[in-house]
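In the two complexes below, subunit A is the common chain; its partner is subunit B in one and subunit C in the other.
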Partner chain A sequence: MSLLDGWWDDFFFGLLTVLQVFCIALVIAVVCGLLGASAKLSNSRLLRGIAQAYTIVFRGAPELLVLLLFYFGMAITLTWFVQVFDPSVKFIDLPPFWAGSIAIGLIVGAYMTETFRGAFLGVDRGQVEAARALSLKRHQIFRYVRFPQMWRLALPNFGNHMLSIMKDTALVSIIGLEEILFVAKMANSIIHRPFLLYMTVALIYLAVTTVITSVVAWLELRANRHLRGAR
Partner chain B sequence: MNFDVSLIATSLPKILHGLGLTLNLLVVSTLIGLVLAVGILLMRLSKRAWLVWPAKAYIYFFRGTPLLVQLFVIYHGLPQFGFIRHSILWPILREPYWCSVIALSLNTAAYVSEILRGGVLGVDKGFVEAGKALGLSKFQRASRITAPLAVRLALPAYGNEIVSMLKSTALASTVTLMEMTGVARTIVADTFAPYEIFIAATIIYLVLVWIIQTGFSMIETYANRHARRT
Partner chain C sequence: MKFMIGLLSAAIVGLAGTMPAHAETLRVGMECTYAPFNYRTPEGEMAGYDVDVAKGIAERIGVDLEYVCQEWDGMLPALLASKFDLIVASMSITEERKQKIDFSIPYRVSLGRILGAKDAGLKLFDDAGKPNPEAFNGLRFGVERASTYAKWVEAKLPGAEIVLYDGAQPMLLDLQNGRIDIAITNPMKAYLDFLSKENGAGFEFVSPPIDEVEYFGPGVGVGLRKGNDELLAKIDKALEDMIKDGSLEKYSSKYFPFSIQPSGWKGVGE
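Let's turn to the complex of A and B:
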């Protein structure tokens, strides 16, 4: 391990970057998932159509392709947009950090849409009707009745989607973000120990995914605590 | 910004040059992965701890790390060792194609063995007990009762896994392979028209996903034909 001396701080900062991408992508994915699920369950044909197209495209296209499309495409769009106001600007690009976080968030958001949709459908209709009979407002029904019950049903899949986000963060090194895989590439060009370095990256990812899995298992226990007495 | 729709049309045939390699990677690694998965499944379901634990560790490692990192460990990492560079396997391990196939197969094997295990655990115990009562041997019970029922239960998840394998083949472009994403990246480097080219590639992938999903829903309908008559 002494071969890696001097690289640990780089790996540490790489890991911080990975965790930042993870958090931002997770927020985007949850927001997209909730919006997508609401759109799919809405009465508007237009909204349903948009949500349907969203899930088909983002679940069908390879993650790498979406990421490249965002990174290179956004550069063109941003440049064009800024040139409208200031023609002297030659080129602007979206930082890989944001291109990566947004792309991963949108991809996993498409999966979350399906998960949340199924979970909302799994909440007993009687619950919502009872809440209405108690004259709760729409947002109160969502906040106190539909969301907590949906959450419990969505959790197992939600955990898998969190793992997907975490593993997808490795792709962002391809567009040049300095996360752990990128650090390994850089270190390799100097110390020439590719197996050691990439294996270190793998083990760091393994540690993080293990933490996520444990947290989700704990959340599931918590969400189902009302059922424990009955069994 | 000018969006050139005709560029999508003209780049489609170019990207389709990579279709053969994409499908090749998909089919070869899916088949190798399936064989491995059955082996790991049998180890995982065994009652001997020395068979169960390696299988668990394998699944844990390959499901807990990104495929891209696994690919880099195999393609860039293994040549670090002299004994690999001097072994008879070197002609295989230095080829990006075989490294991609190995990474994809090892990765999918972990997922598929868990999918199949879900199927096996879902088979009603009563059927197996009925087979026992009829005097079927252990092998007959596994091959005539458990396996067909488990496969039927596992089919939907297996279809999703094939779709995700198709998407994973795009990672082969990071080790210089010219499959569809690799070709698209080259064209973008030449033309710098990322929207048109990558959208064209996306269209082809979506058609492939549609074909896989339709195929699997037909197989599922066939596998569940007994349920329709009721």
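Let's turn to the complex of A and C:
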């Protein structure tokens, strides 16, 4: 592997960038997913409409396109928005890191909306009625009754979405973020070993996704532990 | 969870690091993957002819530089969206691009040459150096997207089957693998990266240098947003000085065994 000498540190920092994008996108996706699912299940027509529009747009548009729109469009929109409040501001930029993380978070959030909605619907209505009969408050019902049971149902799909986020991070090299794919491109322009370099990238991704898969398997085991005795 | 929090805080610190730079810093956009013009060494240093030119300009007008890596396709939109202030990325000065941005005076020649397999017996140009459009019919022709070469090929050789690439690297790889029959690109780069290497042993230039000013313009220049006339004048002045005192010639001799200046262009790979 002496061919890659000198590039390992670049791959390492590239991997750090990927993991940072992953964490931020994951947080955004979970928040958007929970909000979206709650909105879709709410009684308000307006909220349902907004959530519906959100999932249609972000599940329907190609991911690469959303990413480019965010990167090139957001700076202009943000500037315009901030100037409304503070006209002295000339220019606000959205760095590629945040453009990428937010775009991926919103896209996967749209998928999570559907996953969470399905999972919330899978929780038996009787459970909620029983909780009400015990005079639990709304947030208590969410925290102790609906969420833990929804979580168990959502987990398998949630794992899929985590893998999607991880793999989507490869897209951010297109907006100039120096993650591992970009490192491979840079190295390739000098050492001309495309197969070796792209295989290295593939193996790094595979290593990370394997860790994610095992974590999800462990979470599933934990979420289902109350069922184990019944089998 | 602690790990996650650690990463999150690292991300926030990282964001702080990319906050808009102060006034005396110019952000320079380039591909960072276009050796030997602009690339990054394994040590993490930016290097190449474009980088040397950018550094030379910065030194002469007294500013700091910050490099922004940007894919070729998005180079103009990114400049217009203020993702950086200058393009120093081997971009040819053309009329079409001049409608959107301003250019400095040229700092090297801009031309293309077509590569093909030695044993394919390609006879694409007549003795006067004019392309014979018929000869291109049905040939799979590799071209870099959004490049001056693409404009020329589309206009001159409608019979060729154009295959678009995001960069010279994947295009030359496909040429080598036989996915395309011929490819047009920068002859300096093609010679250094390909023809002079083992991979390119079976290939040669199958065209004379193509430098029609109408398509390729007067050369490669520094690009900047319109309305920065003061900065443009400073850059032009710096480039003129660098041509006069031989700095550009010196930079190019670091990478090329031949001159790439408009005055001293001799051709390569003959």
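Throughout what follows, the second predicted complex is superposed on the first by the 218 of 231 C-alpha atoms of A that agree within 3 Å, B and C clash if a C-alpha of one lies under 4 Å from a C-alpha of the other, contacts with A are read in each partner's own complex, and residues count from 1 in each chain.
Here, a contact is a pair of C-beta atoms (placed from the backbone, for glycine too) under 8 Å apart; a residue touches a chain by one contact, two chains touch by 3 or more.
Just so it is clear, the model here is predicted, and its values are computed rather than measured.
In the superposed model, A:210 lies in contact with subunit B only, and not with subunit C. Once chain A of one complex is fitted onto chain A of the other, the partner contacts of A:37 are absent, as it touches neither subunit B nor subunit C. Using the contact criterion defined above for the overlaid structures, shared-chain residue A:63 touches subunit B, although it does not reach subunit C.
Which of subunit B and subunit C touches more residues of subunit A: that partner is B.
By the touch criterion defined above, A:29 reaches neither subunit B nor subunit C. Once the two complexes are overlaid on the shared chain, A:19 sits against subunit C while remaining clear of subunit B.
Within the superposed three-chain model, A:193 lies in touch with subunit B and out of touch with subunit C [touch as defined at top].
Shared-chain residue A:76: touches subunit B and subunit C both.
Legend: residue contacts after superposition of the two complexes on their common chain; A:145 is shown touching neither subunit B nor subunit C.
By the document's definition of touching, both partners, subunit B and subunit C, reach A:174. Shared interface residues of subunit A (contacting subunit B in one complex, subunit C in the other): 68, 72, 75-76, 174, 188, 192, 194.
Taken together, the subunit A residues at the contact with subunit B in this complex read 56-57, 59-66, 68-69, 72-73, 75-77, 79-80, 163, 167-171, 173-174, 181, 184, 188, 192-199, 201-202, 205-206, 209-210, 213.
Here subunit A touches subunit C in the complex through residues 5-7, 9-10, 16, 19-20, 23-24, 27, 68, 72, 75-76, 91, 93, 95, 97-98, 174-176, 178, 182, 185-190, 192, 194, going by the rule given at the top. The touching residues of subunit B, when paired with subunit A in their complex, are 1, 60-61, 63-70, 72-73, 76-81, 163, 166-171, 173-174, 181, 184-185, 188, 192, 194-195, 198-199, 201-202, 205-206, 209-210.
Those residues of subunit C lying in contact with subunit A across their complex are 4, 7-8, 10-11, 14-15, 18, 20, 32-35, 39-44, 68-71, 74, 77-78, 81-83, 169-170, 173, 193, 197, 199.
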